[in-house]
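The following block contains the structure, expressed as C-alpha cells.
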Amino acid sequence: MGAVISLVAVAGLALVAVIAVAVGDLRFLIGVVVPGIAFVVFVVGVACRVVRWGRAAVPFRIPTTCGQQRSLPWIRNEELDNPSGPLGAIGRMAGEVLLFRSLFRNHRVELSHGREKVSYVASKYLWAAAMAFHWSMLVILLRHFRFFLDRVPAWVELVQRWDGFFAVGVPVVYLTTVVFIAALLYLLLRRLVDAKLRAISLPTDYFALYLLLGIAASGVLMRHVEKVDIVQVKAAIAGWASLQAVTPAGVGGWYFVHVLLVSVLLAYLPFSKLLHAPGVFLSPTRNLANSNRRVRHVNPWNPPIVGRTYAEWEEEFHDKLKAAGYPLEKE
Amino acid sequence: MDASRRGFLTIAGLSLVGAAGGSTLIAAIGEPGTAVESLPAEPPGGGRRLAMVIDLRKFGHDGELVERCIRACHRAHNVPDFGADRKNEIKWIWAEDFESTFRDEEFRYLRRDLQGKPTLLLCNHCDNPPCTRVCPTKATWRRPADGIVMMDWHRCIGCRYCIVACPYGSRSFNWTDPRPHLESPQADFPTRTRGVVEKCTFCEELLARGGQPACVEACADDEIVFGDLNDPGSKVRRLLAEHLAIRRQPGLGTRPEVYYIVEDPRTLAETAPAAVVPGAAENDHV
Amino acid sequence: MHDAAKIVGGLVLFAAVMTSPFWYNALTAAPAAVPALDPPPNGSKECVEPRAYMRANHMDLLNEWRDLVVRTGQRDYVSTTNGRAFDMSLSRTCLDCHSNKAEFCDRCHTFLAVNPPCWDCHVEPKEAP
Amino acid sequence: MFEKALSGGRRYWAWMVSLLVVIGVGAACWYWQLSEGLTITGLSRDVVWGFYIAQFTFLVGVAASAVMVVLPYYLHDYRAFGKITILGELLAIAAVIMCMLFIFVDMGMPARILNIFLHPTPSSMMFWDAVALGGYLLLNIVISRVTLGAERRGDPPPAWITPVIVLSIPWAISIHTVTAFLYAGLAARPFWLTAIMAPRFLASAFASGPALLILLALVVRRVSDFDPGRQAIRALATIVTYAMVANVFFVAVELYTALYSGIPEHVSHFAYLFMGLDGEATLAPWMWASAVLAVVALVLLLNPGSRSSETSLVVACVAVFASLWIDKGLGMVVAGFVPSPLGRVVHYSPTAPELAIGLGIWAAGLLVVTGLFKIALEVRGHLRRP
C-alpha cells in the first residue's frame, strides 16, 4: 500500500512539472525559483538538524566494539574495531564513511528448511547495493559539475572519461548510470519481494527510492532518448550557479521533471531518514575512542564538585568552635 | 529517426542467432565448389562481382609502376608510412617478388622474366572470405551487392582475429597512432585510430562516385583492369577468358578475386589478334 | 553544545562544498559565455534538418549516416524538411557549410566538456587562409 | 562469507599486499599501453597474437581442468575428492577471470569490447568463446557459493544445484574445445589446422590443471590444518599421469602427420619451433626444455614408487606444469605465425611492459585464488590461527 501511495506521489510531482511548463508556462518558477528555495532549505535544514544532534547529551563513551581493547602489551588489540586513541577512531570512522563497515557485517537469521535449526548467515547484498548506490551517486554528482561550473575543470573531464570508458551509445552510457539504477532497483525490489521487509516498510521508505529512480529515469531520458539541447541546459544551470536568473529556454519537459524532483529531494532530505551522513560523524559509538579505563571521563553537564577541606571548615567556624572549647588544629 | 525499426531488427537478429549459427555451420560444411575450384556461374547474392586483373606482362622489373600504384593508394587513403619500421607497418597494397607472391607454387626453374619480378598484392576480396567469418562484431563483411569485403572502423575492437584468418597478409593493425606518420592527411578520407585493423576496400568510396580504384587510375595502359565478373562483356571477363591467369592460394577455398595474368609475351603476340574485341571499352562500366 | 568547534567546523565545510559552484563561478576571471554560433561561412541558410532538432540530436543523425554509408553503402539522405537530397558525408556535407570546426563544433563541446571521438579519424578541414 | 578473506595474519597480508603491488605495476603498464597502443608489446604485423593470447589459451585449460575433480565426485560419487572439489571449482573461477583479463588487455580497442555482445556474430569462434567463458564463470561462482554456503550452515546443498553441477561438466569441456576451434578452423594457419587440437588441448589441460591443484593443495596443507587426504592426492596424480601420457601421444601423432607427410608448410612450423628457421631460434631452447620436462615428468609419474612419494610427485607436477606452460603459453600461438603465409620469419619476444602486464594478471589470479581458498578453508574451520 505504501509502495503505491509513494509511486502516485512521485508520479504526481512529475506531472506537476510537466503541466506547469506546458500549460502554465512556469519555466522560471520551476527552473529557477523552486531549485533556489530547495537549495536554501537543504543547506539550512541540514545545519539545523546537525546542531540539534550536536546538542544531544553524550552520556559516556560507549564501547560497542567488536575487538580486543588495548590492555596489556602482550595482548594484541584491534585498533580499528576498538580504538585506543583518536587515530584509531578516525580510521574506524573512515571505514564507516567510505566502506560502510558496520553494514558489511550484516547478518541474516535463517531457519533451515525441514530442520529446527537457526543459522546466522552473512548477507552482503544490502551492503553491496548500498556501496554501489552511494558511490555511483557521488560520481554522478561530480559529473554534474560540468553544468554548474562555467568553465569545466580537468578533474570533471577525468571522471567523465573513466566513467564512460566503454564506448556504448552516443552520448556514451556511463557505467555509474547503469550501476546506480541497478542498485536502486535492487533496494526497491528487496522491500517489495521480502514479506518481512514489506511489513516494516513505510511509505517514506518507498518515496525516497521512487524519487531517486524518477530523477535517474528523467536524466537518462534526457541523455539517451528524448535528447535536449544541453547548451541551453548548461546556460540555465551555470547561470543559476552564478546567481543570474536565466529562464531555461528551448528544453523539453523532462528537464523540468528532473529539476523539480531534484528540488523535492533536496528540500525533503534534511527532514527525512535520507539525512544520515552527518549522523555517522556524530555517532558516539563510532567517533569516540574506547579509553574508559585509562582516561577519566567527566560528563560536561555535571555540576561542579566543590570540595572543602577540614582546614577551610575549621577556619569558617573558628570562633564558634573555639568558644565551644573544641580542640583546634590551628590556634 | 529510424530508431524503433532498428531496435526491432536488433531483437529479431538476436532471436535468429541460434538459427544463424546452425546455418553458418551447414554452409561451412556443405559448401559445394570449395574442393573443385571454379568460377561460380551464378553470382553469390546476385548483383555485381567486382574483381581485379593485374596484367603482370605489362609490369616492368624496375618496380616503378608498382611504386606509383602504391603511392596513389596510400595517399588517397591516408595510409601512414613507417619507413623501415616493419613492426608497425601498415599497407593496403604492396609489392613482393613473384616467387613469394605465389609461394605455394614452389617455383624452381622459373622463367627468367618472372624471377624476382615485383608483384602487386592487395586484399583479394574473396568470395568466401575467412576474415569476415571470424570477426566477432561484424566489423568486416562481404557486401552481397558487389562482393567487396568491407570494414567498419567504428565497430572494430582490434582483436586481430581477421589478420590471423587471412592467408594473404592483406590486413594491417594500427599498433600505434597513425596520425604522426602521415605527411598531409587527405581531408575527404578518414585516417584510422590506434587499435583497429585496416585493409584495401577496392576504393569503394571512389566507386560510389563513379570512379575507378586509385591503383587502376595510377596506371596508364590497362596494367590493372577492374570490373564486374558477372557482366560477360566486361573487360575483366574477356581478359580472363583469353589468358592464363592465376590467383594466390586458390586451394584454400577462399575464392580470391584478384587475378594475375602471367603469360609469356611471345604467346601474347601469337594470340593478340583474337584478343582484341572491338567495342570492349564501352562495356567496361563499373 | 558539546564539541561545538568540530561541529561548527564541519558545518562550515559542508556549506563551503555546497556553495563551491557559486564561488568558483564568481571567482573565475571571465565567465564562459554561452556559445553563439556564426552562420556558415558559405552563406547556406538551412541545415539538413530543423535547427532545434540538429542542436539536440546531431549525434544521432551522424551515427545513422555513418551506419547507412559504411554498412549499407547507401549515400543519399533525403531531408524531412525540404525534401532535398544530401550526400551523407561528414567531411563533404557537414563540413562544407560548417567549415570551421574550432568555431562550430568545438565551442559547444568545450563549453559542455564533450569529447566526441570523431576527430580521432576524420580529418578536420584545413584553416582557410 | 567474503569477510573471511579480509582477516588474516601477518603472512597472509604480506602475501596479499605484495600481489597488489605486482598488480599495480601491471595496471600502470596497461595504462601506458592504453595511451600508446599495442606498439609497446613485441607484437608486429606478422606475429599479431603473442604472450597475452597464449596465456589466455593456457589458462582456459587450467579452468577447464576443474572437471577432473567435479566429475569423479559428483557423477561417480568418488568420496576422496570431497575436500578438494571446492578447491578445483575456485581455481576455475580465478583461471577464467585471468583468461578474461588477458583477452581484455590484448584488445586494440578495449573500450569497444562490449561490441562482442552488442553485435553478436554466431559465425565467430571468438563470440562463442566469450559466451562459453562467461557462462563457465557464472556456473562456478553459483556452484561454489551455494555448496559452500550450505556447508557453512550445516545443511545439505539444495537439490536444484545438482543439475547445474552436471551442466558444468560438458561446459568445462566446451570452453577448451571452443578455444581450440578458435585456432583450428583457419585455412591460413596450417600449424593449427589439425583435428587433434581440441583433444590435445583437453589432454594438456587435464594434466596441467590437476598438477597445479596438487601443488596448491600441498601449499595449503603447509599453511593451514587442511588436509586434502592422501587418497585424493594419489587419485589426482593418476589423472595427471594418464592425461600427460595422452598429451605426449597426441603431440607425437601430430609430429608424425606433419613430418611423415613432409608437406613443407606443416613441417616448417615445427622446424621453427625446435630448430629455428633462418637463424631465428628464440623458441628452440624453450621447446627442448619443454620436451625434457615432459620426459622427466613421465618417468616420475609412470613409476609407481616415485608417483606415491610426495617429494618426487611435487617435482613431477612442477615439470608437467612448466612443460605445458611452455608448450601452450609460449610455443603454440607464436609458431602459428612463423613462418608467415608469405614465408617470412619474424622474431617475436614479449617486451618488458608486456611481461609486466601479464605478471600483473597472474598476480590478480593468485590474489583471487588466495582469497577464495581462504574463504573456503575458514568455512570448513581448517585454518590454523596465526
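Should a chain be cited, it is by its letter among A, B, C and D, assigned in written order, with residues numbered from 1 in that chain.
Everything below uses one rule, namely that a contact is a pair of C-beta atoms (placed from the backbone, for glycine too) under 8 Å apart; a residue touches a chain by one contact, two chains touch by 3 or more.
This one's a predicted model, so the numbers in the text were calculated from it and none came from an experiment.
Peer 1: Among all chains, which one's averaged Cα position is nearest the averaged Cα position of every protein chain shown?
Peer 2: Per-chain C-alpha centroids compared to the overall one single out D.
Peer 1: Given the two chain pairs A-C and B-D, which is bridged by the higher number of C-beta pairs in contact?
Peer 2: By number of C-beta pairs in contact, B-D is the larger.
Peer 1: How far is the middle of chain C from the middle of chain D, if each middle is the mean of its Cα atoms, in Å?
Peer 2: Centre separation, chain C to chain D: 47 Å.
Peer 1: Taking each chain's centre as its mean C-alpha position, how far apart are chain A and chain C in Å?
Peer 2: 35
Peer 1: Quick one: report the Å distance separating chain B from chain D, using the average Cα coordinate of each chain.
Peer 2: 39
Peer 1: Go ahead and note the Å separation of the Cα centroids belonging to chain A and chain D.
Peer 2: 45
Peer 1: For chain A, give me the residues that contact two or more of the other chains.
Peer 2: Within chain A, the residues that touch at least two other chains are 167.
Peer 1: Residue numbers in chain B touching 2 or more other chains?
Peer 2: Counting only residues that touch two or more other chains, chain B contributes 193.
Peer 1: Among the residues of chain D, which are close enough to touch at least two other chains?
Peer 2: Chain D, residues with two or more chain partners: 109, 112-113, 118.
Peer 1: Drawing the touching chains as a network, do you get a line, a ring, a star, a complete graph or other?
Peer 2: Its topology is that of a ring.
Peer 1: Could you list each pair of chains that touch one another?
Peer 2: Contacting pairs: A-C, A-D, B-C, B-D.
Peer 1: Mind pulling up the chain C residues that touch chain A in the complex?
Peer 2: 1-4, 7, 10-11, 14-15, 18-19, 21-22, 24-26, 28, 31-32, 34-35, 52, 55-57, 59-60, 62-63, 108, 110-117
Peer 1: If you look only at chain D, which of its residues touch chain A in the complex?
Peer 2: Its residues touching chain A are 1-3, 109, 111-114, 118, 149, 152-155.
Peer 1: Which residues of chain B touch chain D once you look at their complex with the stated criterion?
Peer 2: Listed in rising order, the residues of chain B that touch chain D are 14, 17-18, 20-21, 24, 86-90, 96, 100-101, 103-104, 106, 130, 133-139, 155-161, 163-169, 172-177, 193-197, 249, 252-254.
Peer 1: Which bits of chain B are touching chain C when the two form their complex?
Peer 2: Checking each residue of chain B against chain C gives 1-3, 78, 143, 145, 150, 152-154, 185-193, 204, 208.
Peer 1: Where on chain A does chain C make contact in their complex?
Peer 2: Within the complex, chain A contacts chain C at residues 39, 42-43, 46-47, 50-51, 54-55, 57-58, 145-146, 148-152, 156-157, 160-161, 167, 170-171, 227-231, 234-235, 238, 241-243, 250, 278, 281-282, 300.
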